[in-house]
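Each chain gets a letter, A, B, C, D, E and F, in the order it is written, and its residues are counted from 1.
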Amino acid sequence: MPTFHVEMFEGRSVEQKRAFVKAVTEAAVNTIGCTPESVDIIITDVKPENWATAGALWSDPRPESI
Amino acid sequence: MPTFHVEMFEGRSVEQKRAFVKAVTEAAVNTIGCTPESVDIIITDVKPENWATAGALWSDPRPESI
Amino acid sequence: MPTFHVEMFEGRSVEQKRAFVKAVTEAAVNTIGCTPESVDIIITDVKPENWATAGALWSDPRPESI
Amino acid sequence: MPTFHVEMFEGRSVEQKRAFVKAVTEAAVNTIGCTPESVDIIITDVKPENWATAGALWSDPRPESI
Amino acid sequence: MPTFHVEMFEGRSVEQKRAFVKAVTEAAVNTIGCTPESVDIIITDVKPENWATAGALWSDPRPESI
Amino acid sequence: MPTFHVEMFEGRSVEQKRAFVKAVTEAAVNTIGCTPESVDIIITDVKPENWATAGALWSDPRPESI
């Protein structure tokens, strides 16, 4: 409480996720005055074919302008 | 037209989900005055390595304090 | 530790929300085998001008076909 | 900088998603005055057993009344 | 039944939202083969103090590098 | 390009949010190998009457067992 939903490209290892949730939880505790126990983080692994920026899927070659 | 998004740990059977959406829909209809047809429920199955509380992944051994 | 996000039209009273979260929590506990303490529900009150179905805002007169 | 989250039933091809994100991005640019580069779209493929309407999973036979 | 959640900065008029949901619904119908009636769009108006990119709130002056 | 959605109780100051997004962005950059520019954070301020745990709204007195 805060509750985080984090979408990122798939491919991160459990080790990276472990370090990530520890660091993000500490960042929250240090800045908004909550307890660690109140912090929930839910990660969604997103396939590049499911994320688009500027109208193009990340599984496709990016247009030069991005 | 309430729309529910529900995140839960993976592993529930279709039977459990079937009972769950029926019961939650009835709960909504009985308390906020909507029709059953207006209730949408979307379930997200979350892997324990993608959920953290208190800075630790649920795929890891929990610290004693939680 | 299911976490619910529920979007509904604004206008429900606190009494309705109180009854709603109690009933939905019981529905979850009874069907997917979680503890009441593990159930979080976050409600989002949505203005009709921020919800559309079939390409028309709910703040506008509905087309006959819906 | 609109950010879209779109839930749809699984089964769309990459070609459909490619056309979809292109068309949705253009729709946003043309109507709310944002740049294409500011539009992010994240698609979630949902299994029919994880979506319910009117209290019934879409993986189940639909009741006649819907 | 795609369901869209769209976060954008607050300040769009109802006219802009009306045009937006019409265009986005058409974009979906034309590209992924759904009916207009199945398309729900929920818009969230976000205050600049509630959105950050590159570690800076959009209510603050942007660093030069963005 | 992780995208964060963070729900927290309303009442945090802009100063707290500023520190929060800076710290969370650094936490992400340091642990999952993304650039600061790729990190988006969207905060949702939640009223206590819109958040429930264990079947009770946070705007109500908490039962002793929580």
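Following the convention adopted for this analysis, a contact is a pair of C-beta atoms (placed from the backbone, for glycine too) under 8 Å apart; a residue touches a chain by one contact, two chains touch by 3 or more.
The shown structure was predicted, so the numbers you read here are calculated from the model rather than taken from an experiment.
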**OP:** Any chance you could name the chains that touch chain A and chain E both?
**Re:** B, C, D, F
Original post:
For the chain pairs A-F and C-F, which is connected through the larger number of C-beta pairs in contact?
Top reply: A-F
Subject >> Reference interface A-B: repeating pair among B-C, A-F or A-D with over half of contacts shared >> reply: A-D
**OP:** Would you mind pulling out the distance in Å between where the CA atoms of chain C average out and where those of chain E do?
**Re:** 20
Original post:
Counting in whole Å, what is the centre-to-centre distance of chain A and chain C, each centre being its mean C-alpha position?
Top reply: 25
**OP:** Return the residues of chain D touching two or more other chains; collapse runs of consecutive numbers into ranges.
**Re:** 3, 7, 17, 22, 26, 40, 42, 44, 51
Original post:
Hey, which chains are touching each other here?
Top reply: A-B, A-C, A-D, A-F, B-C, B-D, B-E, C-E, C-F, D-E, D-F, E-F
Subject >> In the complex, chain E residues that touch chain F >> reply: 7, 44, 46, 49-57, 59-60, 65-66
Original post:
What residues of chain D sit close enough to touch chain A in their complex?
Top reply: 14, 17-18, 21-22, 25-26, 36-37, 39-45
Original post:
Where on chain E is chain D touching in the complex?
Top reply: 1-9, 12, 16-17, 19-20, 22-24, 26-28, 30-34, 51
Subject >> Residue ranges of chain E in contact with chain B within the complex >> reply: 3, 40, 42
